[in-house]
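Shared chain: chain A. Partners: chain B in the first complex, chain C in the second.
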Partner chain A sequence: MEIHNIPIDGGVKVVPMSDVDMTSSVDLRKVLQKLVRQKPKKLIVSLENVEYIDSSGLATLIECMQECLKYKGSFRLVISNSKIMEVFRLARLDRNVFQIYKSNEEAEK
Partner chain B sequence: MLSEIVKLEVRSNPKLCPMVRKFVDQCGRMAGLNENDSHMLTLAVDEAFCNIIRHTYKMKIDEQVKIFISVEEKDYIEIQLFDQGTPVNPENIKGRQLNDVKPGGLGTHFINSIMDEVEFQPQVAGNILRMRKNISDPRTSTRQKIEGYRDPQLLQTLLNINQSLHSILDLDELLQTIVSKTKAIIQSEGTSVILLDEESDELFFHTTLDEDQEVVERLQTLRFPVTQGIAGRVMQTGKPILVGDVQRDPDHFRGVDEKSGGSTESLMYAPLKVRDRVIGVLSAKNKKGGFFNEEDLEVLTAIAGTVSLSIDNARAHDALQNMPNLSETMRIRKEMDSARLMHSATLPQELPDIPGLDISGICVPAHEVGGDYYDFFPLGECYAIAIGDVSGHGLEAGMMVSMAHSCLFTQIGFSSKIEDVMSSMNRVVYGAVKKRLIMTFFFSIYDPASRQWIFSNAGHPSPYHYSQQEDKWQFIEEGEFPLGVFEGHRYESYSWQLSPGDIVVLYSDGIIEASNDRRERYGFVRFEQLLSSKKTWNSAKEIQNAILGSVKSFCQMSAPSDDRTLLVIMVE
Partner chain C sequence: MSTIESPKTLDNAIAVENLRKAYYNTVSKQSQLVLNDVSFRAERGKVTVLMGQSGCGKSTLFRILIGEEIADKGKVEILGSDVSPGGDPFTEEVKKKFGILFQSGALFNSMTVGDNIAFPILEHQPQLHSRIVDIMVQTKLRQVELDPDIFQYKMPTVLSGGERKRVSLARALALDPKLIFYDEPSAGLDPIVSRTIDQLIKDLVRVLDISSVVITHELDSAFTIADKMIILKRSVAEHNDDWVGTICYDEGTPDQLRNSKKPYTVEFLGEFSNFAICLQCRHVQEKGFQECSQCHEAASVSL
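Presenting the complex of A and B:
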């Protein structure tokens, strides 16, 4: 899967360019694991180009968030698509788990 | 009507997932699902397909998977996945523990949440997973209505609040606790408890917590007529209100902003209701970093529902305690009064109208307030019938009953499954037992359509059941020990089929243990004799009056030392 890494103020933004499923979440996991080892202060995963995410995608994000918390980094998600948000809601991950922002601008603040 | 079966045969290769999803999504749309529901259906099938690849085929990518989709237009869409792997024991397929945020099992949780029916059938060679999603089934909407809010963490939070609040009788302390907990949960800039001053018919901000201390001070002096403002509307209708943009709402009482000096953008109000009486409003102002949505309003309403009885209790207690120059005897008497008020607030004000049932219910309180409790309320098409008894008397027992009542109402907002209700009640009573108080509790759900009666009994005296067919009275003995004995115990539920002409009598031990001045107890023998004394009872009320009359004439002059509660249910 095509995944973009964009440097931002105080950290890095990761933008997967297509659906995150059983196959592509492996790619996303590799990218995120590599970044987490550099301990960026802020790590944003923007799902703005993602139309579909499954449980393996969520598991990848949870794992990455847990790694960030260990070194007290800030892990943020950008979710602009209501269908994606619905999947987070179904998993009860829509509140008190992730820091979720509606736009890149808000997340990068 | 469209009725079709579509078949897809694929290899167990994860790279094929996008194609499978496209296929399922198109079938879903064709079957009449909207975009979101079809997306969810797709998620469920994708998760099931991936599970087969991962677990059944252990990542071997050239095994066979067959997917059959049958559509009954406007009715349901059914999906079957066939594999040829080793038959899997369904016991090993477990959903995720929801309070446990760990990867794994999440896919199964998705499948179970999204689909209305899921059935796993191991075959001689291979497995079939059959799943069905209803398209326009009214049952789905009722179920959601009954289950209400789905967030189990919120339920835990509310139950914890409920538990901690019921021991606070000081009104100021109680309201401070409520606003600070609410503010933290809702993530608001400010939270207030607005109460009604019954003498002047004015609303006033009793307790406010705001990021801006000046707002707090100004609101403290603000009073306005109960007919004014959005809070006034909530008082009148008893319904919660969400105002996304306050400045545009004609009902917004501008006095609040002028007076508080703050600028309000988004507001939520939830009624503080004790049964049908609205005693005030819980409000939240401006969501941190955004606007409130419907979900926030649900949460605020749930909190208001949980805390209102505590507020009412503390207010009554406060009013009595603040009377000047009370002697010690008077103080004790006043305490009894507030315990009595607390107790009566938990009892239903009127009997429900349940189709096909004639019901009567009464609680005759003892001189020293006891801890009997009973209730009826509708649950979708069904009705809940509950009876309980806290061991002990006086203020503590009253507070416990009140807490149990709030717990029950908080719980059924999430799930009215009998096992869940019993577990929550057990948890609350267990946590609150520091003074050797325990509680018996009988909880049941009656379905008027099938006359099926499901119940669970935590140590409450066995109900009597009259079967017209067998023409005899007998105990319904199924049940276990009282609440609060073992932490984390799961109470069993049982099912009982009622038929026309049947009678069920629920009672508290105050009836059986009623004693006369020779210290003889009324007992089961007399009770049973009375029930069998008449061939045909005409109404539930007639049975109730006969029992109470019989107990009273047996006891003669002895004052009741315990509450006497009776519920009589006749199937018409």
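Presenting the complex of A and C:
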């Protein structure tokens, strides 16, 4: 899976370039776990190019968020696709779990 | 594994054509035809409900669709994979594509709720880290409205009927299937829990685009969840009442079936039909009649 890492002010933005499923989530996890070990102040994952994310993808994001919280880092998601947002809602992850933003600009502030 | 690609195939979660299945009756020493040229399609992203009287062959059809039984003849496609009898075998790759909610739940009583849900993930996706599997289990529990903090480490034997059904559904969802088979999902549940399961089925279809095939004879539930309903009926020989196999008698949206004037449909649906049937002459007519317009007998009706 192609994944872009983009340095931002105070941290890094990770952009998966395709859907996140039980095969590709392993790749995403490797990238995120490597970044988390560096303890960035701000870690953003933008799902702008993701049309489908399965439960292994959600689990990968949850794990990363929990790791960030341990060192009091900020973990943010960018979700602009309403169908992806519904997936988070059905998994009860849309409230009080992730910090979710509709645009990269809002997330990077 | 051959995959038959065509626009029609891609629209259907399941396509069944001219399915026939017979069993050998060891008492009468004769072959009994159970499914008699059954044909139907279940569209992707929709809820298709299969209904029929007890003993009409629903369970046989269900077992054929989930790969636990082989039909004698006919064509069966599951999510674009041809698993027709005599053709490509029903492989693990095909079985991974769908989940099953069994009537009894079929949980392993020796494993915790969490381990039950994790079982298919560990079996089919061994590349996933154990921490990821753990979180997936918790997500599945939330999807079926069970708090993982409370339920993940419970044993199935201490769960209520509704909780067992939800855990079974969570397990059916474990591999994020595109199709789920439900065998009598509301059986044994009180009306409130039954409605919750119905809503879950609808939510899964709507949000996760999971096609659903439901076997039930709970008409309340069927009319709540169905996009399409198919009525199976035991067909009988003209000269006597011998069963000559089950057929697809009627099908349509819930509204179409409510307005169907086919006699058995009216009788089967009872109060859910917009019509009534005279039980003397089987003439279908408007509800509320006092005297049959055909045989003129006093109302002796299927309401």
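Rule of thumb we're sticking to: the second predicted complex is superposed on the first by the 109 of 109 C-alpha atoms of A that agree within 3 Å, B and C clash if a C-alpha of one lies under 4 Å from a C-alpha of the other, contacts with A are read in each partner's own complex, and residues count from 1 in each chain.
Operating definition for what follows: a contact is a pair of C-beta atoms (placed from the backbone, for glycine too) under 8 Å apart; a residue touches a chain by one contact, two chains touch by 3 or more.
Here the structure is a predicted model, which is why all the values come from computation and not from measurement.
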Open item on the list: Both complexes share chain A, so when I overlay them there, do chain B and chain C fit or clash?
Closed with: clash
Open item on the list: Contacts for A:L58 in the overlay, against chain B (first) and chain C (second): which applies, first, second, both or neither?
Closed with: both
Task: Which superposed partner A:E86 touches (first chain B, second chain C, both, neither) - done: both
Open item on the list: Looking at A:D19 after the superposition, I want to know if it touches chain B, chain C, both of them or none. Which is it: first, second, both, neither?
Closed with: first
TODO: Answer with first, second, both or neither: which of chain B and chain C does A:R29 touch in the superposed model?
DONE: second
Open item on the list: Give me the intersection of chain A's contacts with chain B and its contacts with chain C, in residue numbers.
Closed with: 21-23, 54-56, 58-60, 62-63, 83, 86-87, 90-93
Task: chain C residues within the chain A interface of the complex - done: 125, 127-129, 131-133, 135-136, 139-140, 142-143, 173, 175-176, 203-204, 207-208
Open item on the list: Per the contact definition, I'd like the list of chain A residues that touch chain C in the complex.
Closed with: 21-23, 25-26, 29, 54-56, 58-60, 62-63, 83, 86-87, 89-93
Open item on the list: Considering only the defined contacts, which chain A positions touch chain B in the complex?
Closed with: 19, 21-23, 52, 54-56, 58-60, 62-63, 82-83, 86-87, 90-93, 95-97
Open item on the list: Quick check on the complex: what are the chain B residues that touch chain A?
Closed with: 14-15, 17-18, 21, 35-36, 39-40, 42-43, 46-47, 50, 53-54, 98, 101-104, 106-107, 109-110, 113-114, 150-153
